[in-house]
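The following pair of complexes shares a single chain, chain A, combined with chain B in the former and chain C in the latter.
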Partner chain A sequence: MSGAVGFLVFFLTYAVVYAILAIGLNIQWGFTGLVNFGVAGFFAVGAYLSAFMTSTPSPYHLGGFGLPFPVGLIVAMAASGIFALILGIPVIRLREDYLAIVTIGFAEIIRYVIITEENLTKGPYGMGVIKPYKELVPPSFYSLFYLGIAVIVLVLLYVAMQRAVHSPWGRAIRTIREDEQVALAFGKNVDFFKLQVLVVGSMIFGLAGAVFGHFFNFITPNHFLPMETFLVWVMVMAGGSGNNLGVIIGALAVRGLWEGMMFLSDILPQGIQIGAVRLAVIGLLLILVVMVKPEGILGEKKTASDIL
Partner chain B sequence: MQLIVNGILMGAIISIGAVGLTLVSRILHFFYFGYAAMLVYGAYLTLTFFNFLGLPLVLSVLISIPLLALLAILIDKITFKNLRVRGTGPFGMMVVGIGLELFLRSSIRLLWGSDVMRYDLPIRRALVLPFDIRITPNQIIIISASVVLMFLLHIFLDQTKIGKAMRATADNIVLAKVRGIDTERVIMWTWVIASISAAFAGFFLALDTRLVPIMGWKLLLPLFAAVILGGVGNPYGALAGGMIIGITGSLSWIYYTYI
Partner chain C sequence: MLQVINLEKSFGGIKAVNGCSFEVSKNTITGLIGPNGAGKTTVFNLISGFHAPDGGKILFNGSRIDPLPPYRVPHLRLSRTFQITRELKKMTVIDNLMVAPLNQMGESLLNSWFRIPSVKHQEQQIKDKALDVLDFLEIEDLKDEYASNLSGGQKKLLEFGRTMMTDPELILLDEPGAGVNPTLMKKLNGYIEKLQRRENMTFFLIEHDMDLVMKLCNPIIVMNEGKRLAEGTADEIQQNQEVLDAYLGG
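Showing the complex of A and B:
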């Protein structure tokens, strides 16, 4: 496969990775009101851990256990969850703006550790990641096959999260978002719920990282810049915080905008850097969403108790 | 010893920047990520006046300050003023601030390009002081100018009426309104102080290293650390916090070289 179809498959797989990230952030921000600016950090943890687990032995980086792909996914999720727990226990009670700074600091620590610990991660040179189940399909159809895997992961995750947010647990976290005092008055352990949400959401980021690594087959610290975090935030805020379908649409739309701007380079005068224009548009989008449409494209459906 | 001197130098740059950021954080009541872009704008405006128009260096810095302040106040009028009227919380403002940071940073790349640039100054040898400390004349200028700036800032905040109003607003915004302080005017002056602070910090950072569009973002986290360590809204705390962060950051190299 090549040309337009190949590009479409590439684009869709990339968008699915971001949709997974957006669902993770939606659980944290959309449903619980928990601010996490460290998305890129957990994303990186997942990508690297899965790469360590599944790659063949090598003296140049950590791991190389040659384990199967699902093990990579599970370890990536577990590791991100553990990192979230370590980070969360001391900081979960902070107010949202302080939490933002702490989490962004966490993501930068992860990124700098990856850059400096060259003997573990090959540092800025980046490390290769295997293509799972490569032998099952002919090479020309492999990218389509992997898109299928990614979509299956996304659908499973979507169903699981829809069930979670409509369960009593989901009602509890939404109460926390609306009014912590009310949740406290109902005897809910607010901090514990928030910690659970931080861990679950971050595990989803880890999962997205693993899916991303095996899709891109090559990861460097530059894939996990703070920019990625803000991109996911735009997707969630524009798509509609608190609506899982909305954030998936947001992910597709923002990713489409991001890739679509590449075609601008034919129109724009020579010498204008497309990367800078992209960044500017994402910045403007963030400003506009907050100022014009804070609830996003789809928004959240108002729900009330059956008794009312 | 060399590390301590380097730390003081970095601390001076962080302190100067943190003073503006702490006042903005407190008076506008949110953490302004776009401050990083203000810093870089200050450095690049100075570069334009100095390298391309051939003005003296000190004059270039002094001209870029009012321009930067105008830009900051204009942005405030377009975005944050509306949000204040609407009663948007600190988080919404912070997201807008991040959007501004991304937008302004890329506008720097579009206006000046992403290449590494430097001020057209002759390269001078580092002076060797006792204890084998090496320090360049530029670094001496940075440290001494920071001290003078901090002193001027202290006089401004302590003696002038608007400085007092600013400290009052930073202390308790509701009480300040009750006492008849025009908070919108205070906010305007906050942007002016923030611009002075950002322009000098950006200029010093560029003088000591090089100009790249990303340099503000790299300094932003140390700046926030200094602001929070010193207590949000306390300029003197920001000075102390900046020094502590700068020196600790520099001394951590000792640990790094021994492992």
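Showing the complex of A and C:
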């Protein structure tokens, strides 16, 4: 594959990983109003767990079971879900801002555990992750093949989440987002719904982590900085909080902007770092979205349930 | 039907409800009145489980309900509205109603994915009921409107309709007339009376509009300083010197 096509495939796969993350956050924030600032933590849990499951035996890190790729995905989701459940049970009743503090703290604890537990995770040096099914396609087409796998995962997830949110279950979680007291007054077990959403959304972050690890073939704690969480938030807000298609578009647009700005490095005056410019532009984009189009590119669908 | 026995609730140093006791009998429209700060809304919040009492008991159809969390109370067929309307702003009028019924099979995540026929059948029944309620309240044409776009009076009707969706035996109405124009208020009274007669529903309502209370409610309970001050028919309450003193600050 030529350089331009190769870059496009790389960009699209990266964007698909973020679209998966954005759907997870959309379930939590867009539909339920849960403020999760710890997306990167669950993303990391998924990436490392899938790596442990699928990698070949090694004395330098945990796992190495050589299990198939789908098992890696399932374990990644299950582990992230279990972490969310353990975190959620004591904190699910916290108000928005306190939940945000707890979740960002959780994500940083996960990252520091990965950094410090070198004998389990290879710490800051990072660990290799296998390329699934690489024997099925010629090496030059592998990236495109893997993009196909990532797109299939995204489409299946999209269909599953569309069914979930456009149903009486989705109507109940939207009610919780709008007014918890009303949900309680009409017999909804608000804590239980919120816990379900925290777990399901976090399982999706874990899934994204696994897809990311097998795409990058190498993961380090630096892939899971709080900045990743911030980017996913911008994607959800720009794309349309409460609209799964909107947040996919948001992921493509924000990731495109992020990667596209790399080309500015040649024309920027010396001394200006591209990393700083990227942050400033994304921050500006967020401010613009909130001021000009608070509902995002695609707003929320009007009807809550399409079950009939 | 509803028994409140020696109920107590404090917020910091303030005793909002201070040994309050009364009963609401089945198939009545019972009024709860009293000056501002008498503890009326706190009593409603205690009955509906939104506050836990510091002391006393609340019995509904003979069972204690005060230890229950708020989401369990509606399952006993006891529903409520709020003093300030709490419409679900970014949801349509019909969705505001359809979320209200209890024990919806489609509210299970697995059922939302697999959508077995019984889930669809129940959803259809809920939709038909919501349309009936909208028709009863004469706001059917607003069904697809966002609730945030309704007028104050229409929001009151929507909130009233939401309680009807749960097939309650007892409805607690917190100031149903606040901010409602006289024509709409007359209509709302008509609905309450019709439901009480036809569906054998019981209403317990807080209201500051004395004309409305005197016309609609029997009996009327008067609260002052967190306690029951008096109880009786409209005529008895109007002639009660203690009540007059409480209202006039005598």
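Throughout what follows, the second predicted complex is superposed on the first by the 301 of 308 C-alpha atoms of A that agree within 3 Å, B and C clash if a C-alpha of one lies under 4 Å from a C-alpha of the other, contacts with A are read in each partner's own complex, and residues count from 1 in each chain.
Just so it is clear, a contact is a pair of C-beta atoms (placed from the backbone, for glycine too) under 8 Å apart; a residue touches a chain by one contact, two chains touch by 3 or more.
Small disclaimer: the values here were computed from a predicted structure and weren't measured.
Asker: Could you tell me if A:Gly187 is touching chain B, chain C, both of them or neither one (first, second, both, neither)?
Answerer: Touch partner of A:Gly187: chain C, not chain B.
Asker: Quick check for you: in the superposed arrangement, does A:Ile115 touch first (chain B), second (chain C), both or neither?
Answerer: neither
Asker: Should A:Trp233 be classified as contacting the first partner (chain B), the second (chain C), both, or neither?
Answerer: first
Asker: One more residue to check, A:Ala172. First (chain B), second (chain C), both or neither?
Answerer: Only chain C is touched by A:Ala172; chain B is not.
Asker: Quick one: is A:Arg163 in contact with chain B, with chain C, with both, or with neither? Answer first, second, both or neither.
Answerer: Second partner only, chain C.
Asker: If we overlay the two complexes on their shared chain A, which of chain B and chain C does A:Ile104 touch? Say first, second, both or neither.
Answerer: first
Asker: If we overlay the two complexes on their shared chain A, which of chain B and chain C does A:Ala253 touch? Say first, second, both or neither.
Answerer: A:Ala253 sits against neither chain B nor chain C.
Asker: Can you list the residues of chain A that touch chain B in one structure and chain C in the other?
Answerer: Shared contact residues on chain A (touching chain B in one complex, chain C in the other): none at all.
Asker: For chain A, which residues are in contact with chain B within the complex?
Answerer: Its residues touching chain B are 35, 96-98, 100-101, 104-105, 108, 226-227, 230, 233, 237, 272-273, 275-280, 282-287, 289-291, 294.
Asker: In the complex, go through chain C and note every residue touching chain A.
Answerer: Against chain A, the touching part of chain C is residues 48-50, 69-72, 74-75, 79-80, 82, 86, 88-92, 95, 98-109, 111-113, 115, 119-120, 123-124, 127, 144, 146, 162, 166.
Asker: State the interface residues of chain B toward chain A in the complex, per the touch definition above.
Answerer: These residues of chain B touch chain A: 30-31, 79, 82-83, 88, 90-92, 94-96, 98-107, 109-110, 113-114, 217, 221, 224, 228.
Asker: Quick one: in the complex, what on chain A touches chain C?
Answerer: Listed in rising order, the residues of chain A that touch chain C are 160, 163-164, 167-172, 174-175, 178-179, 181-190, 196, 200, 300, 302-305, 307-308.
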